[in-house]
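Labels run A, B and C following the written order; every chain starts at residue 1.
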Amino acid sequence: MALLSVSGVTKRFGGLIANNRVSFEVAEGEILGLIGPNGAGKSTLFEVINGYYPPDGGEIRFQGQSLVGLRPDQVNRVGIGRTFQKVRPFLGMTVIENVMVAAMQHTPDPVTARREAIKFLEFVELAGKRDTNARSLSVGERKRLEMARAMATRPKLLLLDEVTGGVDQRTIPTLLALIGRVRSEQGLTLVVIEHNMRVIMSISDRIVALHLGEVIADGPPAAVVKERRVIDAYLGDAFVVPTGSGG
Amino acid sequence: MASPAVPFDEPRPRRIGERILFVLLLLAIVAYPLVFPLPYYRDLGIKILLYALLAQAWNILAGYCGQISLGHAVFFGVGAYTSSVLQLSAGWSPWVGLAAGMLVAAVFSVLIGYPCFRLRGHYFAIATIAVGEIVHTLAINWEFIGGARGLTLPIQPDSLAAFQFYKSKYIYYYIILALAALCFLITWHLERSRLGYYLRGIREDPVAAQSVGIPITRYKLIAMALSAAFVAAGGSFYAQYLLYIDPDSVFPLALSILICLLVVVGGVGTLWGPLVGAALMIPLSEFTRIQFGGTGSAVDLLIYGGLLTIVAVFQPAGLVGLFRRLRRE
Amino acid sequence: MLQIPSAEVLIQGIMNGVLMGCLYALIAAGLSLIFGLMEIVNFAHGEFLMLGMYTAFWMYTLFGLDPLLSVPICAAALFLLGWLTHKGIIRRILGGPMLAQIFATFGLGIFLRAAAQFLWTPDFRQIAHPLVQGPVKLFGISIGLAQLVASGASLAAFAVLYWFITRTEAGAALEATAQDRQAAALMGINTERMFTLGWGISSACVGIAGAFLASFFYVFPYVGSLFALIAYVTVALGGFGSILGSLVAGIMIGVIEVMAGLLIAPAFKYVAVFLIYLIVVLIRPQGLFGKF
């Protein structure tokens, strides 16, 4: 059974159809990349999965359980963590407090939660800044903080929304390595929204491409980037498959 | 919206001098009515502690949880009236009445909070004003609870059970000290517990809070109920202390404003902010009342309004925040 | 508790409600404008109105200027106040913590109210002999001429505001900033200037309304609080950011207020209005014509 199965999800805003019968599955241990031009419906899909918007049609199942109708906090407690496209750390708290809040879901006692939080901070290599105010972190650091915070809720599935957006280009390889380790060391399944094709090609096992709210391709990266529809809608004929990326 | 940047994990007063000062201050508060037995000073002390209680209660909801209520006096009145009405019409003990008042206020607050917490900050604030004014008007027109004439509680022989201490009024001081200390203790514990962390998460960013599994409405309601209960306790105390209440003295907008002011000036979201605010502003208001007589209330409000704006714009973390910032430099 | 008055009293009540509603609409329009621009509620809006009324009163008392003639003065004075408020206070708290946003103007309101009381005493003032006064017969019903003129003029001011927003370049820039601040900035619209303009216009509207009100309403320091709460309800009902919504809602609120006073009891006029607020924001948060 797939870990996450999205079937026929439709979401409308007034006359605009943001998601139109979107269907795909995520297998356990997989890294699924979600690509598409702006307005394709990627972020809306995330919000629907996370419970911020109810779908107008279709079904979403996580480990067999339906997510439709659950509140965002319930979706998290069921086992899905997420980061935000525009980072949202708890600015008035320190780095470690940010992660403690999340860790407390499973370890209510602050002392234990703090120990847990340190482990996650070490994983994202932010442990040295544990007592600094979140406000003083750079964008890249805030993104790593968000990842640690999401992981501290011990999800099985992690949804990453544009994790390389606005980040110093030189830090991207480290970020990629981190994402890889999230799967291999923490045993999480990932769905990643990305605009950076080099990133998505190198980390994804599979890619789902969206355009105007519909799925236009679903398969291994090497195959998807050659699909006519994807090239027309998004990549452009001049797109060259980045060297060194797997398939 | 993020909160004023005062990281909670402050190092404990390391220097031995600070620790001693702290203990001395506590002793001073406890010994105060014995050292200054004159009625005027005793009553001032009682007033400061009562406002510190109300301020800390508001602080739980607004400071730690970020939900700004501008009509909190409504719970003060609910507490005062519940215990008084139970006493007058059913002969209940004032202590049981106090507990009942806390319960009624908590339930009432949850009933209001549940629909209103859906509103965004500004609209929630306006809704609290609206609720406060509605209750105020209803109270004036409700004959069963005395209407505009108010309620007078019967004078009884001094006893702890009857909550009356005409001959030894300093006991009132210790009762309100105990109530305030209880509220402060609970707030202190809250700061260090999951509840406190969750409330602060909600304050900082409700969407992010949800994303880590916090059921925000449930926790807002918890903060609301706690806050309302302690304000109501203060109201019941007030009723017993003065033995007379009326809608204009327990439900007015001015009281709601004053409660906010004390915390904002003292330091919202901090443990000692409410006490600092009360200790500073209450004597100040007494001073202006004496200096300016009739126009005193206008001067009071002139200062309150000016301070609120100045603190909100330039130093949202209040005096405690300022003190901490200076300490770090 | 329900007492049904005669048909004539009812119709008179409705007409008075509509007339007052036009004034409420003008007062609310400014509030709606600011909220649409920067998502801030001006908690001192009522006090701005109060200052507009006092301005008209002092122009009359000191210089014998009829309130209707003071309108430009009140508009200018309040425009300046709004401009100063933005420059001095609002600019510093935009994007800041909710607490700062609420208490910055809340404190200002309290300060202005107290200043008025301190300077001019809490006494109720009245403009004794305005140019327009006395009753007039409209469709056989007797209503105050001052109210009639005030509401007619409010509608006119409203129309000017509407024309400004929809037909002038500055108005379009204002609307653009309200709809999408970043996009507007990218198009070269000076956001800061738009904000200041918005505050100026909003306050000027309230200054004009104050001048009209002063010709038939008592002037005292706390008069603003009442109208402010009504304005919040009007904006909520009409829809935040919708000028047209303010008009429709204002008239509705005016009528509801009068009806509650007639049918239930005068003391419950405002209870009815506040209840409307709670009902509207809970059932239809975006109001009748709102964007959110």
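Observations on the structure shown:
The definition used in the following text is that a residue touches a chain if its C-beta (ideal position, glycine included) is under 8 Å from a C-beta of that chain, and two chains touch if they have at least 3 such contacts.
Model, not experiment: these values are computed from the prediction.
Traced through touching neighbours, the fewest hops from subunit A to subunit C number 2.
The chain pair with the larger count of C-beta pairs in contact, out of B-C and A-B, is B-C. When every chain is reduced to the mean of its CA atoms, the largest separation from subunit A belongs to C. Closest to the middle of the protein, by Cα centroid, lies chain B. Here the CA centre of subunit A is 47 Å from the CA centre of subunit C.
With centres defined as mean CA coordinates, subunit C is found 33 Å away from subunit B. Separation between the centroids of subunit A and subunit B, computed from CA atoms only, is 43 Å.
The multi-chain contact residues of subunit C, meaning those touching 2 or more other chains, do not exist; every residue touches at most one other chain.
Touching of two or more other chains is recorded for residues 2-4 of subunit B.
Residues 1-4, 62, 66, 68, 70, 115-116, 118-119, 121-123, 125-127, 129-131, 133-134, 137-138, 140-141, 253, 257, 260, 264, 268, 295, 297-302, 304-314, 316 of subunit B are the ones touching subunit C in the complex. Across the complex, subunit B meets subunit A through its residues 2-9, 192-194, 197-198, 200-201, 203-205, 207-216.
Interface residues of subunit C facing subunit B in the complex, by the touch rule stated above, are 39-41, 89, 92-93, 96-115, 117-118, 122, 225, 229, 232-233, 236, 265, 267-268, 270-271, 274-275, 277-278, 281-282, 285.
Residues of subunit A that touch subunit B in their complex: 50, 71-74, 76-77, 81-82, 84, 88-94, 97, 100-102, 104-105, 108-110, 113, 131, 133, 135, 149-150, 152-153.
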